[in-house]
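See below for the structure under consideration.
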Amino acid sequence: MTSPAQSTTRSMIDITDLTVTKGGQTICHVANTTFAHGSTVGITGPNGSGKSTLLRVLAGIETAFAGECVVDAAVKDRVFVHQSPYLFSGTVLSNVEYGLKARSTSRSIRQEQAVLWLERFGVAHLARRSVESLSGGEKRRTALARACVLQPKLLLLDEPLADLDPAGIDSVAQSLNKLDASTILITSPSPLPPDLTQATISLRQE
Amino acid sequence: MTSPAQSTTRSMIDITDLTVTKGGQTICHVANTTFAHGSTVGITGPNGSGKSTLLRVLAGIETAFAGECVVDAAVKDRVFVHQSPYLFSGTVLSNVEYGLKARSTSRSIRQEQAVLWLERFGVAHLARRSVESLSGGEKRRTALARACVLQPKLLLLDEPLADLDPAGIDSVAQSLNKLDASTILITSPSPLPPDLTQATISLRQE
Amino acid sequence: MIREGILEALQLLLRRDASVIDAATRSLWISIVAVIAATVVGISAGLLLARKRFPGRSLLVLLLRVGMSVPTVLIGLLCYGLLSRRGTLGELELLYTPTAIILGEFFLALPIVATLTHGAITRLDPRAFETARTLGAGPLQRTVTYLREAKLAIALAVLTAFSRCFTELGIAMMVGGNITGRTRTLTTATALETARGEFASGVAMSLILLSIAMLVTLAIALLSREAAEQVS
Amino acid sequence: MIREGILEALQLLLRRDASVIDAATRSLWISIVAVIAATVVGISAGLLLARKRFPGRSLLVLLLRVGMSVPTVLIGLLCYGLLSRRGTLGELELLYTPTAIILGEFFLALPIVATLTHGAITRLDPRAFETARTLGAGPLQRTVTYLREAKLAIALAVLTAFSRCFTELGIAMMVGGNITGRTRTLTTATALETARGEFASGVAMSLILLSIAMLVTLAIALLSREAAEQVS
Amino acid sequence: SDRQPTDGKPESSKTAVPHASGSSPPESVLKVASTTSTRDSGLLDVLLPEFEKANNCRIDLIAVGTGAALKLGEAGDVDAVLVHARSAEDKFMDGGHGIRHEPIMHNFFIIAGPAADPAQAKGHDAVSALQKVATGEHRFVSRGDDSGTHKREQSLWLKAEGRPEWEDYVESGQGMGPTLIMADEMNAYVLTDEGTWLKQSDKVQLVPMVKGADDLKNPYAMMVVNPDKSSAINADLANKFSDFLISKRAQELIANYEIKGQRLFHPDRLKQETPE
């Protein structure tokens, strides 16, 4: 990841001919694309078109790729939410506090923030529950709250709407609106609700 | 599960005031409901309304419930697909053959059938791939093929469309059409495509 | 001492010292037989305790865990009590035979395999059990599935048990008797050399034991990998 | 013999036999210190080998696995060579002290903890690592997270190592010396009683050892459960 | 400790008559329990093959602690016992566990100690040497395992009017080999049997202090286990083995057995030739 050409009006993400190859096959290809700071962009494409792979590259998790990919945020300022989120064993609250702990937020603020975001996603009543007993949608909401509470510069959400009910989708839209400073990428195999994103790019099966 | 009242024109599923309680809370409640043989029924309801729980009761996995629930199929004739499917380590093909092996299907028929259903779900080209490297949608398709290939009397699909692209949703619709003899229940947190189901029941958050 | 030990080990191996090869072979097959038996019983027990609910289950789990702390001297003593001519099984005349050592090592390995297998199966994703059941797998197919899903942990359990048996001394001494050419193993030979003050020879014996252990470790790693590919 | 052993064990415990309590206490604290040290080093090694990629990593994993097969007599011999008056560390005058036993048992426990921890961490869901990283957890928080996610397996690793140390004989004999009142442990006491032909007393000593092991097993089970709740 | 009269039917052996047809006749087996120091002397490696060959049999030698060896005999798990602990042997015979008790040979215990001899024990007899060690509270390593050697140490202390308690009196609870090593590491005095001493003397820095005195005599004996204990006891062969051990041939082998150029045992049944 080299430094971008024009540093004054640079974009959050600058992709030049990004290609990821696994097992001899190109599994993700993105031609020249930029994502502006603060934008919320949808990434659609059929199953297996490389959406998750793209997000993993942008998150800094997947590092084996060809082409260029410049991200204007340190890896620690990017947060990625898995397509099928992984919750640490413990309570819902402890999960949402996890990243805040890493950022040495004080205990009281941590809890306050965590509960606030759990409320926004409609699962504050589950704060003390052990994650094992959550329903699919409740797990998703917890994972989203755990990411959003960090208000990262770059938020990478892999199919966040997959198992949410309409109210949940609404809560995502409203929550993301609160993250003015963040650039947000949202994948989906089917078209996203138009009010959620400002733009959408499409991946094609290679 | 007692034997049904009218054995001649009995329905596949007869539910009388089914209630599941966990941690002191009712997590799933269904008043008197019947599902006819051969019908495909949608079950919708918000996150946490008990959709998965209902399917688990019907599958015979969850056995702690109050009320009555009569299913006109042995437990071994009911197949349940998790909301987040679990694939056994190995190849896609070995997963789809799994249930056929359990039914002592001959090797050649097993493979033929498995490939056929993988084709129907559009993932026949992945047959030899190890499941770890699949994308979310590819995993889902594999799990659905693994269940459908058994052509069970009762097929319980927990949010099967969650991470499928439009083509994938189409393949589900067409595949389920091939299962004439099966009664199929499909959950979803949001309304299902109308051509997929003949009827829909709604659960409410308790 | 170490350098001398290595040299002596090499010498013994190069000139194919008959008594060393005899002890090494015996050590190996005794442990393998004991561990195979313990693996069969221990994996079954571990699976059962992880999957079936019955009264007294957690007590059994606890007992098996404590069972890992049964010293070999005690197993040796108890087996002696059993196999002695005054004991219950005295008539079988098994005392001071390799069979007696196998019996003792079986009891040594059993709680290790059972406890670690139980742990491995318990840690599996509960959906694995539900999926196997809903797809109609019978007891055998289910068992194979669970073992495959936990194969690394179970291979480690078997390896741990093997290491324990292959290096144990108390049982081999007590019920084997360390009889030259009959029940002498690499560890009793090591102990013998050590007691005689022949430290370099003791080190040599142990090094030979270690090189065999290395081969077995590799074999278990390969076997568990292959088993994974075959059953699928 | 068993019945007599149980009776004698009870008698020894009831009249709080000084030499038995002395040996039991020593056995316990020696193993605990050794296992704690091995746990710290072994868990770190296991984590490192599971998470970091560097040349020679798989060789190290293999060596640690083989390390589980180092017989206690060999560890005893090597430690003796090190601590003997003529050895490298002879000046420390550690031979025939509890410290010497701790040193030996540390090497006995280390490969067990490291191998089983490595296995446990390797088996974790890869998303666990990715999630911890993407949420910005530093090395310490990540470590705590991974250990918590693998806590049952790691508790079993520690228990296995403890059982091994608590019941081992070769090291305690060789570098401890089984000196009355100074380095005698429950296992060396068992061995002594056995050599004297006092089989029932041997059984009694082992039974006392076992009852302590039972308490430790329970303690580890509780601790690992509590640790899980605290760190969260 | 008297000899029972059962020892006199050496000809009735089933082992002497191998099965006619079988290619490998079933070997008859003699199980002998001995003390570890006896085994470690290496003498049995010379004696046993000789007997095995002559009688077409096999001897399983089980070397354990003195107490354990006697217990194995009491339990009937072995056919013969070879130990050096006179009082324990008497008890064994009095208890009816043995039918025959044959003194075979003897050698001597040695009191060894650091070359500097801080207790100035050298040149004294065993009892006063021990007294000097005790009064000076010098380091002494005792086996403390009720073995023949330990029992002898205790009887010496009795003659020395009891053993005072002192800090540096260490009980190893181990066999002779490890105990000798421990004494060497600790620069301590120790009572050892001659066999172990000769085997290991070049590895230790200790030197002999008291040697060859009468109260350090170390007699070895063979006992045949009472066959009433179990039908599986091979008393015939055990008797034959006893006969062999006191035979001229075996006694000569014993007399000529050397470690590092030194004779180790004095046969008891070769009167005219026994030196001393």
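Per-chain residue numbering starts at 1, and chain names A, B, C, D and E are given in the order in which the chains are listed.
Heads up, the rule we're going with is that a contact is a pair of C-beta atoms (placed from the backbone, for glycine too) under 8 Å apart; a residue touches a chain by one contact, two chains touch by 3 or more.
Everything quoted here is computed from the prediction, not taken from an experiment.
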*Indicate the lowest number of steps between subunit B and subunit D, counting one step per move to a touching chain.*
2
*Trace the shortest sequence of touching chains from subunit A to subunit D and report its length in steps.*
1
_Farthest chain (mean CA position) relative to subunit B_ = E
*Shared interface numbers for subunit A and subunit B above half of all numbers used, same, or below, different?*
same
*asked:* Averaging over Cα atoms per chain, report the distance between subunit D and subunit E in Å.
replied: 38
_For subunit B versus subunit C, what separation do you get between their C-alpha means, in angstrom?_
44
*Just give me the whole-number Å value for how far the CA centre of subunit A lies from that of subunit C.*
49
*asked:* Going by the contact rule already set, what residues in subunit A reach two or more other chains?
replied: 84
*Which residues does subunit C have that touch at least 2 chains other than itself?*
194
*asked:* Two-or-more-chain contact residues of subunit E, please, as numbers and ranges.
replied: 175, 178
*Determine which chains touch and list them pairwise.*
A-B, A-D, B-C, C-D, C-E, D-E
_Which stretch or stretches of subunit C touch subunit D in the complex?_
1-2, 62, 65-66, 68-74, 76-78, 80-81, 112, 115-116, 119-120, 122-123, 152-153, 156, 159-160, 162-164, 166-167, 169-170, 174, 186-187, 190-191, 194, 199, 202-203, 206-207, 209-210, 213-214, 216-218, 221
*asked:* Under the definition above, what is the set of subunit E residues touching subunit D in their complex?
replied: 64-72, 144-147, 170-175, 178, 182, 185-186
*Contacting residues of subunit C [partner subunit B, same complex]*: 125, 127-128, 130-138, 141, 145, 148-149, 228, 232
_Quick check on the complex: what are the subunit B residues that touch subunit C?_
59, 61, 76, 78-80, 82, 84-86, 88-91, 94, 98-99, 101-103, 146-147, 150
*subunit E - residues contacting subunit C, complex*: 31, 36, 40, 60-63, 75-77, 175, 177-178, 180-181, 199-200, 203, 229-230, 232-233
